[in-house]
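Here come two complexes built around subunit A, the first alongside subunit B, the second alongside subunit C.
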Partner chain A sequence: MHDLLPVIAAGIVSGSAYALLALGIVIIFRSTDTVNFAIGDTATLGVFVSVTAMQAGAPVAVALLIAITFAGFFGVATERLLVRPLGPGHKSLFIALVVTIGLGLLIHAAIGAIWGHRPITIAPMVPGTVSVFGVALTWNKVIATAIAIVAMVFVAWFFRFTTVGVAMRASAEDHFAARVVGINPGRIAAFAWALGCGLAAIAAFFLAMETSANANLTISALFRAFAGVFLGGLTSMPGAAVGGFAIGILDNIAGRYLSANYRDTIVFAVIVAVLFIKPAGFLGAGRKERV
Partner chain B sequence: MSPLLRRLLILAVGIGAGAIAGIPGLIGGYPQFVMASVAFFSIVVLAVSMVAGLTGIWSLGHMAFVALGAYLAANLSALGVPVEVIAVSAFAVSAAIGFVLGLSAGRFSVLYFGLLTMALSLAASEVIGHWSDYTGGDEGMPVAPARIFLLGIGSLGLQGAVVLTISLATFAFLLADIVAHGSLGRKWLAVKSQRVASTAIGLKPQLENAKAFSLSAGIASLAGLGIAYSISYLDPVGFDLHVGVQLLVATVVGGAGSLLGALLGAAFIVVVPEMARSVPSVSMFVFGLSTVLILLFLRKGIVPTVSAWLARLLGRGQRNSVGEAHAFKADAVADLVRQLLPAATDALEVKDLSVHFGGVRALDGVGLSVPAGKAVGLIGPNGAGKTTLLNVLSGFYQATRADAVTLGDTDLTTLPTHGRAAAGFGRTFQHAELFGELTLRDMFETTAELGAARRKAGGLPAASAAEVAQRIIDGLGLSAYADLLPGELPFGIQKVADVGRVLATGASVIALDEPFAGLDAAERTAIRTILQGMRQAGVSILIIDHAVQEVMDISDRVVAFEFGRLLVEGLPEEVRHHPEVLRAYFGTSEVSAVKKVVAA
Partner chain C sequence: MSKHFMYRLAGAAVLAASVSIASLAVAQDAPGVSKDEIKLGAWSALTGQFAVYGVPGVAGQTAYYGSLNEAGGINGRKITVITEDHAYNPQQAVAAARKLVDSDQVLAIQGSYATGPSAATFPYLEEQGVPYIMPYGGALDWYEPVRPLIVGAQTLLDYQARALGRWAGKDGFKNVLVVHAAVAAFEKVASNVEPGVRSASQDAKVEMMPVKLGTTDYAPIALEIAGKKPDAIVFIGTIIELSAMAKELKQQNVQTQLFTYGGNVTNDLINLGGEAVEGLRSVSLSYTIDSDQPAVQEYRDALAKFAPNEKPDYGSLLTYGLAKIAAEGIRLADEPLTRESLVKGFEKLKDYDSGILGKVTITPENHLGTTQVLRVEIKDGKWSQIGEFIDSLGEW
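For the complex of A and B:
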């Protein structure tokens, strides 16, 4: 067990991407009761746009901002054009999920058509490795984790101290009452989708730097992010962040000590166990109505 | 279309397709392969579509069951096991796994369960990839030709395997049709459309979900046999989540719950990639685009939308001349009730019942008694705790403390809601809560099946569920509405139908939650007539309503609550003039003035 520390460190590093994606999923779900299955593909699309920008000579930091902004606007457009027309009510919940699945297929196909099917390698922001607590990590991973944590702190600050953030929390508690006190649900939804997809783009950007930009960039990460969401509860933002990190650590521990071949299965088993013990997740509020 | 005609049509399509594929030299190998693909995909799309349409549960994980069937076929065929045994065992194993998963579906939302089945699919892919001794791992594995014991075929050729696959599909469609239009399918629709009300007539939603998911999983495994024999090689990529997503696309495009839709959807996901072989990702683009467009513009999918258009075009969909409700007499209702409900022999007793929600004392040590065959009215201003009491009686709320909540010797508090229905406690709902996807006739029939045991135990003459439904329809003047869905009916008719439903349960005590609320004068008359008939027939009635006059007229005794406490209990006349009741309803300073009004 002497290598437990490196395994946990690796778990936190990979968990930061899951946590960002999970946070994005939860922010969007709280605002419009929609599970955005296309969040991973939207983020991947943002990354490809930024790759094109980098190929045209944009610095990495600018490219990251481009990815975030593009994904954010794409999210807003998704909500406005595809989700809102479905109308409110719990019957459209799953329909909205299927629509975003369809959108994900579309984006996936579009990426292949525009950028081709070959993975595009991206130079890391800072090359080389660094030793953290005696664990060798690439600079890319360290920077990714740091930026992820900064983003999460920003999200916490945003929801706690800004007017829009507080309005979004109020709206998540009770859409109807929020409307009555003058909160515009359309604007709340737009902010939430922009923020959620933007956070996902950060995760996807560093995943691409770690491996390469390819259309399947976020598939496995998205599955783990969902596992994190289950763990923390679909309605809890801190739950999503903690859940994402927990899945990252769990995944690495399972891969190291149990079986490297059955990582998905182990993660699946954990989700099932959690859902049976606490269907709303460990930090999620019990919902008024089963959705 | 009549059920028989529909089933003959399924059989005819199956035989026709089987003949086209099976007659030697008629079509080439490639068309045969396409037909087989449509056939096995139609089996699993049907499985996904059926469970979505009948229960509202969506699954992304059905390819796991298909894989189970396929790998079982590959492994057992190599040992020389005949197809019949393989099919039965694949069906049984899948159905068993599906049953356990389906039980859990009730605990989660549709959303969570959908994501859970996605995880199932990912886990299944991983197991296939690594359990190489039995799956061949990523390389896949060949499948030995099928042996059919009953036909004496030792080694089925590829063309024969295509016919076998088409036969399996035909069987699956027939099975799905019989189940969906039978008693099980109606129960599943009842649970889907009104989970709470379905427990009040004695259904167990979790069990019904589990049965549906189990059947669906079993059917899906048959698709695996089709894949194994008609392709004769298993490639793990064919069972991964992408295919699961395509099944969802096929279901959405064809229309959830539609048999023809399942076939069309399957053809769609087979033919599009075949036509776009040369251009990568075109089929994904088409799938994505069609999913989005269909959900935005034809929400129910192609087949249900088109058939609705056709029905409107042919004028069959026009229902503005539904006719009038037939008037009925209390005597006739009394006769109906005597035929349907066992005579009341037990009293409903509530003693010292308290229900607290946090610091709120919704009920605080109240009691009431409904003697056998008597009508008791419960009145009280808003917040008195009337509905809370009814929800405790139904089993929707737990009592914080109670000396007794009993029906005869039965302690109701130990029973779940569906158990209380079986014990003879029936109720109606303020907002009727009819099953939105069942016609009134189907609703009465389904409920009558559940009530058959009580009628038998009560010594009533045997009657089939269909007969019971017909009697209720005739007795309550519903014949003009019998084959319509609740959403097409005026609210007053819905409330009458709600009472009809509780009559079908064979209850011996009936609690009515605000039967007069929201009705106009004519509709009130109908409800009043029914209640008088029930009273004549000697049913125990607990009636809760704001319409004080109506309650007074129908009740033997009246109980008044205020703020969760018992205010007054007595004969209607006593309660009507009781100063406490007048104060509770009208306030103190007005009492003398109101007394004059009431007296006048």
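For the complex of A and C:
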């Protein structure tokens, strides 16, 4: 295991995308009790819109902002038009889950119909590589990791120190009490969906730069992001971020030292073991039912 | 002239007329055949992640039959192809087969993609006696032993892998790593690399490395490969994964010769892999798309005219060539054109040169028309031809 440090470095870089997606999932879940399975496809759609913008001459940084903004607005529209009309209650939560799965399939099909099924290459933000602990990483990946970390720090600051953030936390803790003290839950929900989908778009944009823009861009990453969410705790934002990075590192260690074929199996075996000991994830809180 | 002779003459005339009418009736009644049209069926992945192969495949056929019909069709009959989408789903492929055979009454299924979904339809097609001609895909058990209704001309992936192995062995590579998607179909293809290497170099070391299908993060795999120090890698997997691996290997400064099979000979690989796939070698089933072969020029013109949304690429060139061979088989079939005479028409193909694929010979004992491949290499961002077609099973 002479190259353990390089493998961990590569894992952190891969994990940054999972962490961003995981954070997006948890933010949306905490505000509206909805697991948004369409978050990956929404982010992919944002990337394709930004690809069109780049083809029209937009610089990469502007394209990234377009992807974030589009995905954010799309998330708001999803919440407002598809999720909120379902109303509160356990039944609605299940329906919302199915609705987001269906929406994801629709977006996937729409991307194929509009942009075709061939992968589209996106030039990296900064070409070239840098050596980290002896492993060559593209500048693109390093920048993606840095942006992911900055985004997470921003989210932490936002929820801790801003009025809207505190209101969102209050609403997540108790919708009814939050409404009593004058917090508008609809506005909070919209903001959470915009933030969650926007974070996912950052992840998807950098994934596309590494590989290509294609309709299946986030499938594999979203799978790992969900693993990160459950590992860290479905209700914990820091847990989701840490879980995402942990999955990236575990995945790289399993792929390097154990089996390139069974890396997912190994990672999920570890997760099952963790959840067996701590069912709410290592930073999650046990969920209390409101009565 | 005696009265008896007159009766016999009249009887013969009635019999001849009856036979003619009966023949005409058969000709008109043969599914999918009329005096001015031949209706064929096809399926492909037009949606989903395999549409990247399926859509260009349909474009190639559209281009060929479009130009053929413009030139008058086959013996005065225009070709109509009804194409259904199966999204790479075997159940949908079976549903498509039932619709094409039962409702659309096609003469045969032609140029259909892909191996797995198509195989699911075979019990039904065999039950209905429907020929399955010139498929875009295939497996060894489709042709060995001979299945009476299946005729094809696409060199099998197994044979391509053997040719790659032999090429690596002949070029003196002594430490060959076979990286393959860990799915039975890919694994079976990959297993043919070692016999190929051994056919040229007995002392070469060949190691298999299965990788989960759909892997996007090749960083740990590249680090492992760096530790193995192979002088050649044969990759059996998808284009996106191949480009991801090639990029990671380049980043980690792993110096090795990359090989891959014909399914990955596309312009998409060059677009995705960029400099990382420069020098990569493969075996193509067709001439290169910018070849100056007259048939390839005809393909480019036909594609521009009948499938203008598709840029020339290897998937559409292959299916254009397969459609051309299909048309030649139909042309050679005896009248009245039926499902039986169609298969016999293909069995008359002998060293048929489409000008695009390897030469095709089909006999009652062998329904796979060719085992030829063309060696190619990515040079200056383009696929370049190396030599002429070779027999993938031969000792070239």
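As a convention for this text, the second predicted complex is superposed on the first by the 287 of 291 C-alpha atoms of A that agree within 3 Å, B and C clash if a C-alpha of one lies under 4 Å from a C-alpha of the other, contacts with A are read in each partner's own complex, and residues count from 1 in each chain.
What we mean here is this: a residue touches a chain if its C-beta (ideal position, glycine included) is under 8 Å from a C-beta of that chain, and two chains touch if they have at least 3 such contacts.
Predicted, not measured: the structure shown is a model, and the values here were computed from it.
Q: On subunit A, do subunit B and subunit C fit together or clash when superposed?
A: After superposition on subunit A, subunit B vs subunit C: clash.
Q: Mind working out whether A:86 is in touch with subunit B, subunit C, both or neither, as first, second, both or neither?
A: first
Q: Using the superposition on chain A described above, determine whether A:230 touches subunit B (first), subunit C (second), both, or neither.
A: first
Q: Quick one: is A:14 in contact with subunit B, with subunit C, with both, or with neither? Answer first, second, both or neither.
A: A:14: touches subunit C, not subunit B.
Q: Please work out whether A:264 is in contact with subunit B alone, subunit C alone, both, or neither, and reply first, second, both or neither.
A: A:264 contacts both subunit B and subunit C.
Q: Tell me the contact category for A:183 with respect to subunit B and subunit C: first, second, both or neither.
A: neither
Q: Check whether A:143 is in contact with subunit B, with subunit C, with both or with neither, and answer first, second, both or neither.
A: Touch partners of A:143: none, neither subunit B nor subunit C.
Q: Which of the two partners, first being subunit B and second being subunit C, lies in contact with A:112: first, second, both, or neither?
A: In the superposed model, A:112 contacts both subunit B and subunit C.
Q: A:166 in the overlay: touching subunit B, subunit C, both, or neither? Say first, second, both or neither.
A: Neither: A:166 stays clear of subunit B and subunit C.
Q: Which region of subunit B runs into subunit C, 187-195, 277-285, 529-537 or 565-573, after the two models are superposed?
A: 277-285
Q: Which residues of subunit A are in contact with subunit B in one complex and with subunit C in the other?
A: Overlap of subunit B and subunit C footprints on subunit A: residues 109, 112, 117, 261-264.
Q: Applying the document's contact rule, which stretches of subunit A touch subunit B when the two form their complex?
A: 35, 82, 85-86, 93-95, 97-99, 101-110, 112-113, 117, 223, 226-227, 230, 234, 261-265, 267-269, 271-272, 275-276, 279, 287, 290-291
Q: Within their complex, state which residues of subunit C touch subunit A.
A: Residues in contact with subunit A: 47-49, 51-52, 55, 182, 209-212, 214-217, 219-221, 223-224, 227, 239-240, 243-244, 251-253, 268, 271-272, 274.
Q: Where on subunit A is subunit C touching in the complex?
A: Touching subunit C from subunit A are residues 3, 6-7, 10-11, 13-14, 109, 112, 116-119, 121, 129, 135-138, 207, 210-212, 214-216, 219-221, 251-256, 260-264.
Q: Flag every residue of subunit B that touches subunit A in the complex, lowest number first.
A: 58, 104, 107-112, 114-116, 118-120, 122-123, 125-127, 129-130, 245, 248-249, 252, 280-282, 284-285, 287-292, 295-296, 299
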